[in-house]
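Across the two complexes that follow, subunit A remains constant while its partner is subunit B and subsequently subunit C.
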Partner chain A sequence: MKIVAVTSCPVGAAHTYMAAAALEKGAKKTGHEIKVETQGSLGFKNKLTVDDVSEASVVILACDVACLEIERFKNTAILDVSTKKCIKDPVAIIEEALEKVKKENDDEEK
Partner chain B sequence: MNEVEIMNTGLINFSPDGRNKNAVIREMTEMLKSDGRISDTSAFYANVLEREGISSTDTGIGVAIPHGKGSFVERSSVVICRFDKGLVWDREPVKAVFLLAVDDDEDGLAHLELIAKVSTMLMDDDFLELLFTASSEKILFNEIKKRLEEEE
Partner chain C sequence: MRKNESVKEFFGDIHRHLMTGVSFMLPAIIVYAFFMVMSQVGGPFGEVSAKLSEYAHMLIVPVLAAYIAFSIAGKLALIPSFIVGVMADMLGMGFLGGLIVGILMGYLIKLIILGTSKMKGGQTLDIITSFILGPIVGSLLIGMLIYFVIAAPISGFTKMLEQWLAGLSGGSVVVMSIVMAGMLAFDMGGPLNKVAYSFMILASSEGAFNIVGPALVAITIPPLALGLSTIISRRKYSADELPAGKTALALSIFGLTEGAIPFAASDPLRVIPSIMAGSITGAVCAALLGVANTSVVPSILGIVFGMAGTYGVSAILFYILSHIAGAAVSILLLHFWKKDVPAEE
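What follows is the complex of A and B.
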């Protein structure tokens, strides 16, 4: 499954980048593809393209401060989490994101 | 050389005096000041506490990463303390603290990239293990230096 994510935090120096690394680690462990955009003090890094978003089943928003350009995700399932949760247990977050996709698919079938 | 742009062996201390969060931030702030990396200890200290007030910078992996950002930072830097008997950071027990000082002008961006890299090292289990068990500050510093150079 393809997942995209955005991370951000108040100062944009540490949690943003740690959470991004954590999600990449979690995706690798669970065998999923992920692309993580960081909105830190270095600006947008690894910015998600329109294609990235349209191909993704779910977007994980680990934004401790408002996510920029959030309208990009209006047609995508969104999982809202904190950067800290990502850092602490990235595998659980990936699994939660997949649950979200499964649930939305089930709801559509009903 | 025991130095990279954002830190040196003198900015790592495995036997700090502080026994509580604020005392530790104060002590680490003094380390930055005596190395000439910040200009105003009171302003930096207040800024770090302000950031903690927004949300605690504990991470759930045994490391807290408080940080201060502003014109009172002369050179973006990382200072590290390890607490072998543990330290309580708000509600979380931590074994190490990485205090980040971030210069907020344009020239600081290259350094910011280095700081982000050091923070990201904490997501690597091998690095965490070394952080918690290294027998000397020098060993930890050499590992950080090696990893910073590898990624360049």
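What follows is the complex of A and C.
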């Protein structure tokens, strides 16, 4: 499954990148593909393209401050979490995201 | 139940909105503080620095207001909040004013957007919303509310706070130091830290330099203690953490509390109380020894800009001594409290 994520924090220097690294680790462990965009103090890094977003089945928003250009994700399932949770247990976050996808698919079938 | 949910959806995560404002405001505070210190150099360079510092200070409250509102309602909320934010600042409402303007404007604009999106007005209505309803009506409504209703009580409260700060001495400085040091160390550059730091800048601008000294000591201790601890108590840290210790030491030279974050993230229940205890010890030492500082920058920079020439050699020694005392407490606590990390993992 393909996942995209955005991370951001108030200072934009520590938690942003720690959460991104944790999510990448978590995805690797669970065998999923992930691309993480960081919105740190130096702006966008590894910015998600239109294709990235349209191919992804879910977007994880680990944003402690407002996520910029959030309208990109209006057609994607969104999981809202804090950077802290991502750093602590990225695998659980990935699993939660996958559950969200499954639930939305079920809802659509109904 | 449903109603509750829609209320929750409307107000969203207030904490996130406030943090967005703080996040955008931070560079302005740093520029303000840095050039305020530089302006003491004098000469043409000092003059430019004084101007830069003054203008940066003018931006702090409007930027805070604007980006809180931006987080709540998006782009349309920016300009009216900047405008009313400047007004709130000029009326002497301070940080609190920025907070209030941002929240009020954010939700007003959000309401306007929600309301007009339900009407069938097509493109014309969109244009009216984004060029008239948003900027003009938004500025007018919140502006009047601030000008006629909210400004007087808030600026009165801010003045009271400032007077109280300026009058602090003796025992109350120690109590103040304990509270501020605890807040500064608790979340290492997070929201509580910034509240305490903003308070310290306020104290400095009121000439309460005896409160600034202890606070500056408290800021540097967490990264300093953790950096030294990775050298002294190597076995307590995993291979991943050891390089972060060097980073923390480097950051402590500039007094950036953020250097302690990686350690607190991996073992918060032991690390956070340890650094809080160290920061509080250091701050209390500084308060008891009467360490004052005319700058708002911590660590070595604090000596260069805020003590050298103003206070004697003994004051500088006390300043350093307070750092050592606080760091020692943290290092000891970390050493005996943290568990050994197995050699192979």
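Quick note on the criterion: the second predicted complex is superposed on the first by the 110 of 110 C-alpha atoms of A that agree within 3 Å, B and C clash if a C-alpha of one lies under 4 Å from a C-alpha of the other, contacts with A are read in each partner's own complex, and residues count from 1 in each chain.
As a working rule, a residue touches a chain if its C-beta (ideal position, glycine included) is under 8 Å from a C-beta of that chain, and two chains touch if they have at least 3 such contacts.
Predicted model, so just to flag it, every value in this text is computed and none were measured.
*Asks:* Give one word, clash or fit, describing how subunit B and subunit C relate on subunit A after superposing.
*Replies:* Superposition check on subunit A flags a clash between subunit B and subunit C.
*Asks:* On the A-aligned overlay, A:Tyr17 touches which partner chain: subunit B = first, subunit C = second, or both, or neither?
*Replies:* first
*Asks:* Figure out whether A:Cys63 sits in contact with subunit B (first) or subunit C (second), or with both, or with neither.
*Replies:* Second partner only.
*Asks:* Just checking: does A:Phe73 make contact with subunit B only, subunit C only, both, or neither of them? Give me first, second, both or neither.
*Replies:* After superposition on chain A, A:Phe73 lies in contact with neither partner.
*Asks:* Figure out whether A:Leu42 sits in contact with subunit B (first) or subunit C (second), or with both, or with neither.
*Replies:* first
*Asks:* Applying the document's definition of touch, where does A:Lys25 land relative to subunit B and subunit C: first, second, both, or neither?
*Replies:* A:Lys25 contacts subunit B only, not subunit C.
*Asks:* A:Ile87 in the overlay: touching subunit B, subunit C, both, or neither? Say first, second, both or neither.
*Replies:* The answer is both, since A:Ile87 touches subunit B and subunit C.
*Asks:* Compare subunit B and subunit C by how many residues of subunit A each one touches, and report the one with more.
*Replies:* B
*Asks:* After superposing the two complexes, find the one stretch in subunit C that runs into subunit B, choosing from 151-159, 169-177 or 259-267.
*Replies:* Stretch clashing with the third chain: 259-267.
*Asks:* Can you pull the subunit A residues that subunit B and subunit C both touch?
*Replies:* Dual-contact residues (subunit A): 10-11, 13-15, 18, 64, 84, 87-88.
*Asks:* Which positions of subunit B touch subunit A when the two form their complex?
*Replies:* Touch residues, subunit B against subunit A: 51, 54-55, 57-61, 65, 67, 69, 98, 100, 102, 109, 112-113, 115-117, 119-120, 122-123.
*Asks:* In the complex, go through subunit C and note every residue touching subunit A.
*Replies:* Against subunit A, subunit C makes touches at 16-17, 19-20, 22-23, 26, 67, 70-71, 189-191, 194, 258, 261-262, 265.
*Asks:* Show me the residue ranges of subunit A that touch subunit C in the complex, using the header's touch definition.
*Replies:* Answer in residue numbers: 9-15, 18, 63-66, 84, 87-88.
*Asks:* Over in the complex, which subunit A residues touch subunit B? Could you list them?
*Replies:* Contact set of subunit A toward subunit B: 10-11, 13-18, 20-22, 25, 40-42, 64, 84-85, 87-89.
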